[in-house]
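We just call them A, B, C and D in the order they show up, numbering each chain from 1.
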Amino acid sequence: MNISDIKKQFPIFNNKIKNNDLVYLDSANSAQKPQGVINRVYDFYTKEFSNVGRSVHYLAVTATNLYENTRSSVQKYINAKDRNEIVFTKGATEAMNLIANTFGQKYLNEGDEVLITELEHHSNYVPWHFLRKSKKINIEFAEVNEDGEVTLDSIKKKITNKTKIIGITHLSNVTGAILPIKEIIGLAHSKGIPVLIDGCQSAPHLKLDMQDLDCDFYAISGHKMYGPTGVGILYAKKKWLEDLPPYQGGGGMIKEVKKQAISYADLPNKYEAGTMATAQVIAFNESIKFLEKIGIENIQNYEKELINYTVDTLKKNNSVKLIANPKNRGGVISFTMEGVHPHDIATILDEDGVAIRAGHHCCQILHEKLGIPATARVSIGIYNTKEDIDQLNSSINKCNKIFDLK
Amino acid sequence: MNISDIKKQFPIFNNKIKNNDLVYLDSANSAQKPQGVINRVYDFYTKEFSNVGRSVHYLAVTATNLYENTRSSVQKYINAKDRNEIVFTKGATEAMNLIANTFGQKYLNEGDEVLITELEHHSNYVPWHFLRKSKKINIEFAEVNEDGEVTLDSIKKKITNKTKIIGITHLSNVTGAILPIKEIIGLAHSKGIPVLIDGCQSAPHLKLDMQDLDCDFYAISGHKMYGPTGVGILYAKKKWLEDLPPYQGGGGMIKEVKKQAISYADLPNKYEAGTMATAQVIAFNESIKFLEKIGIENIQNYEKELINYTVDTLKKNNSVKLIANPKNRGGVISFTMEGVHPHDIATILDEDGVAIRAGHHCCQILHEKLGIPATARVSIGIYNTKEDIDQLNSSINKCNKIFDLK
Amino acid sequence: MNLKELYQEIILDHGKNPRNLRKIDNHNKDAKGHNPLCGDSVHVYLKLNENKKIEDISFEGGGCAISMASASIMTDLIKDKEEFEVKEIVNDFLEMIKEKDDLKNNILSDDEKTKLMCFSGVKQYPMRVKCATLSWHTLTSAINNSQEIVNTEKN
Amino acid sequence: MNLKELYQEIILDHGKNPRNLRKIDNHNKDAKGHNPLCGDSVHVYLKLNENKKIEDISFEGGGCAISMASASIMTDLIKDKEEFEVKEIVNDFLEMIKEKDDLKNNILSDDEKTKLMCFSGVKQYPMRVKCATLSWHTLTSAINNSQEIVNTEKN
């Protein structure tokens, strides 16, 4: 695997940022797009555009086939049992809202508990909060330990006989911890509790196998997986998609509509109301192909080395304080600096073309626990190199200079 | 205004469909995209890509500004009073679900009535049906007359003191009727009833003025307005967006998140949870510019003439039966043929490169009323010409030949 | 591929004048099928006798030439067949429509097979496959007497 | 534009050692401000006497160098001003940060204006404008004694 060949597929790196090469370390926020994905959008609009599923003319047939091809690719890529277990959404946030809303409607009642963790992104908390308001359920938080991990044990401690569903992140977008989700799912299932996995950060970097994990629901963001914005994936076991009520109503999700009654379409159409993000779904197929071509093992090996290099480099830098130290970690590394606020770090790094993120990363619960309102976050993608990390490090040192620290 | 120059901006027409020129008469389903829109997506991904609003680095700032520029353009284009009255959604269907859900949560109770019309698209009926199930409200249907119109009078007849909201289409996607929505809104407001307008079919073709209409909610589909798939617009009066609860929960829509409580962001962020369709919103600005450059008056004049030509041509064709005859009509013309099912018509026309739609067009209530399960539908866009209509007509005649009808 | 192959004379004939388009009064099995794409629907009625033979079969519904002809020809060919034979014919037909070049079963006569082969042109029109198969899926459903409405979106 | 213009010495000084960072016990007006983007927050306390003069002012909160320096310098300059003067200064500062090259008011001394002009570099960093203005919006809110939490996402 030749990283410079891979990086060349990303046209964004041909541009200068304030006269510097772009060092993009914000992939956990959103990943850059390879040329193949970008071209697919372009070609679809210029040569093949039509709405899917609704008309019988040539363009509509082509578009429908392309759209459904992506469903099959995703099914294969995440090893789902059935292609109808793949629902396209506008993003992972919508996927989680869909589950919280429909599961909540049908199965949650006053006093029931939803168990999430202190690591969760707001998108795996706020939708449950809505149910706390409307249905008077309770939300419990499994504790994060000082290494930034949530262990099987901390989940076990919070399960009660009122726990009706568990929602956990696969890979924390702040601490970088990879959670033992397979064990957690096993434990939950032994008590008859379904599990929703927030796979936003794991999907671009880890091997995904729905049948092996046996999770009930898995949410993925297309744009973090080198895909277009405006598309996400909800994986859900067929039994759930058949069982739960629809989420949004509109064209394409119905079977028969009468003045007094409405019946709904079969899977997966039942959950795909209205005109979907056709072009984006079709182009997302190229993201899958891009990842498949490199191979997830190669990706994991390469990124593992880069992550270790990053952690080592930052640990050696005395002015940097890593905020977590998970044993099993993905490419998300958050830190603070004594005397320089994360926002100032980000601005100073940006001057050198180094793009990182500063803030609470949509994880205020975790930041409250950490006792700091904001952190600086470095996150890596398949196009990053050790040189990027060296540049990061030297730009961090510039912060000290500007703030005249030591 | 030179139509051939305009048509040249749409690269799809450079392609042959089964060796024929494309005669695209399915714009009510989804419109083709001008090169400017397509290029904008391409350039954004290749040169400027980043997530909006969350990071402080250069690319994020650029993306955020571009994204917010579209909001301002839309505000101007539809003459909304405040830019925060523009909410980006994934489509019109989501926009209508958003309103039905949040308005329903707060204001609808058992026995209340929602008044829609027999012309409504499923996306302005199914979301209300959900509330019929969950809240035991009733849905009333204002009657369509035999010309395919819904009059002020037929709305008036169905308003009772239990009517809590009215949902109506601006331009029917089957009969082509343009409804007297300003009068209907005036009537509704005189009784204190808010009005949701389904503007999917009107937005690409009619002058939009939210302040003049004074509607409470207006839903628009980006992809029908020569824009990318995966983006829609919800216009809503500020007082409603401030008053109604949020719809989806996640990143970007919160103010402060604690374990026990959550407060929501100000407008319009409160309704934009998660990573939005960034590239699509940004490129949608080019759709607005495209329409503005031609000028809505020019569009209306040109299309009016083409619509009249189409209606006249089809009326002269004895084997065609128009299914509606509205006095004020937009570019949607549905018909049937004695002895040839709409599906067969569509297939035969397709062989000549003529793309139309056959089916119930997501309006089963209307088709039940008409007593036919399906119609053939011709719908025009700014790129269509009289030659297209002539080709349509001669391909229709081919149906007769194949089916051996005199 | 051209339209002539899709709209063969026999399809047009059965499309215009569908056989067995009625409701059997004394049916003991039935099922409804629905194509949400176009709103077309079909209702298949069966009279299965104690020997598991199709004593009578009919359908109600409306739709395009392809779907009406398909239901019409199907009901013609299926009458007087045994249940296990029907299942084989249905599978054979569905596979032919999807991918196979030919029909494999030894139950139908060559003449009868020729009639079914008229639908092979549909393969080139993916959106129309559903029209050709709706009544067949519904027949299966009627035999299994499942209450569920058949939905061509399923596959 | 370079970082030296953004992080001028006076900003770094006030950022590191903010003045008036405490809670006034006998305040009669206060307001909270919040930047949802980064989670930074500020709480401004005022003591307005019967002559509508700011007798004392302070703030609590944490944030980046820009926001801390802005709150620190603001509280320094605003003390002992009359309410109407404060409003003029606030507007003047916000306009300068947004678009104007200069401060227009005749209330502050040239020395004081120089301090505020240190923030003009923020104009080049759109995402940081909110950091520089949060405490000022919150001051307005405190004076109006509105209960609402100020939110920099508003505009």
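What we mean here is this: contacts are C-beta pairs under 8 Å (C-beta built on N, C-alpha and C of every residue); 3 or more make two chains touch, one makes a residue touch a chain.
All figures in this text were calculated on a predicted structure; none of them were measured in a lab.
Enquirer: With respect to inter-chain C-beta contacts, which pair, B-D or A-D, contains the greater number?
Expert: A-D
Enquirer: List the centre-to-centre spacing of chain A and chain B in whole Å, with centres computed as mean CA coordinates.
Expert: Each chain reduced to its C-alpha mean, chain A and chain B end up 31 Å apart.
Enquirer: Any idea how many Å lie between the Cα centroids of chain B and chain D?
Expert: Their C-alpha centroids are separated by 46 Å.
Enquirer: How many angstrom lie between the CA centroids of chain C and chain D, rounded to a whole number?
Expert: Roughly 77 Å, centre to centre.
Enquirer: Distance-wise, how many Å sit between the C-alpha centres of chain A and chain D, to the nearest whole number?
Expert: Whole-Å distance between the two chain centres: 37.
Enquirer: Two or more other chains in contact with one residue: find those residues in chain C.
Expert: Touching at least two other chains: 37, 125, 127-128.
Enquirer: On chain B, where are the residues touching two or more other chains?
Expert: 54-56, 60, 254, 256, 343, 347, 358-359, 364, in rising order.
Enquirer: Return all touching chain pairs.
Expert: A-B, A-C, A-D, B-C, B-D
Enquirer: Within the complex, which stretch of chain C touches chain B?
Expert: 2-4, 6-7, 12, 16, 37-41, 62-68, 125, 127-128, 131
Enquirer: For chain A, which residues count as touching chain C in their complex?
Expert: Per the stated touch rule, the residues are 53-56, 60-61, 64-65, 254-256, 263, 265-266, 269.
Enquirer: Mind listing the chain B positions that touch chain C in their complex?
Expert: Contacts found on chain B: 339-344, 347-348, 351, 358-360, 364, 367, 373-374, 402-404.
Enquirer: Within their complex, state which residues of chain D touch chain B.
Expert: 34, 36-37, 125-128, 149, 151, 153-154
Enquirer: What residues on chain B touch chain A, complex-wise?
Expert: It is residues 11-12, 14-15, 17-18, 22, 24, 26, 29-30, 32-33, 35, 37-38, 41-42, 45-47, 49-51, 54-60, 90-94, 96-97, 100, 105, 121-123, 125-127, 129-130, 134, 139, 141, 221, 223, 228-231, 246, 248-254, 256-259, 262, 273-280, 343, 346-347, 349-350, 353-359, 362, 364-365, 368 of chain B that touch chain A.
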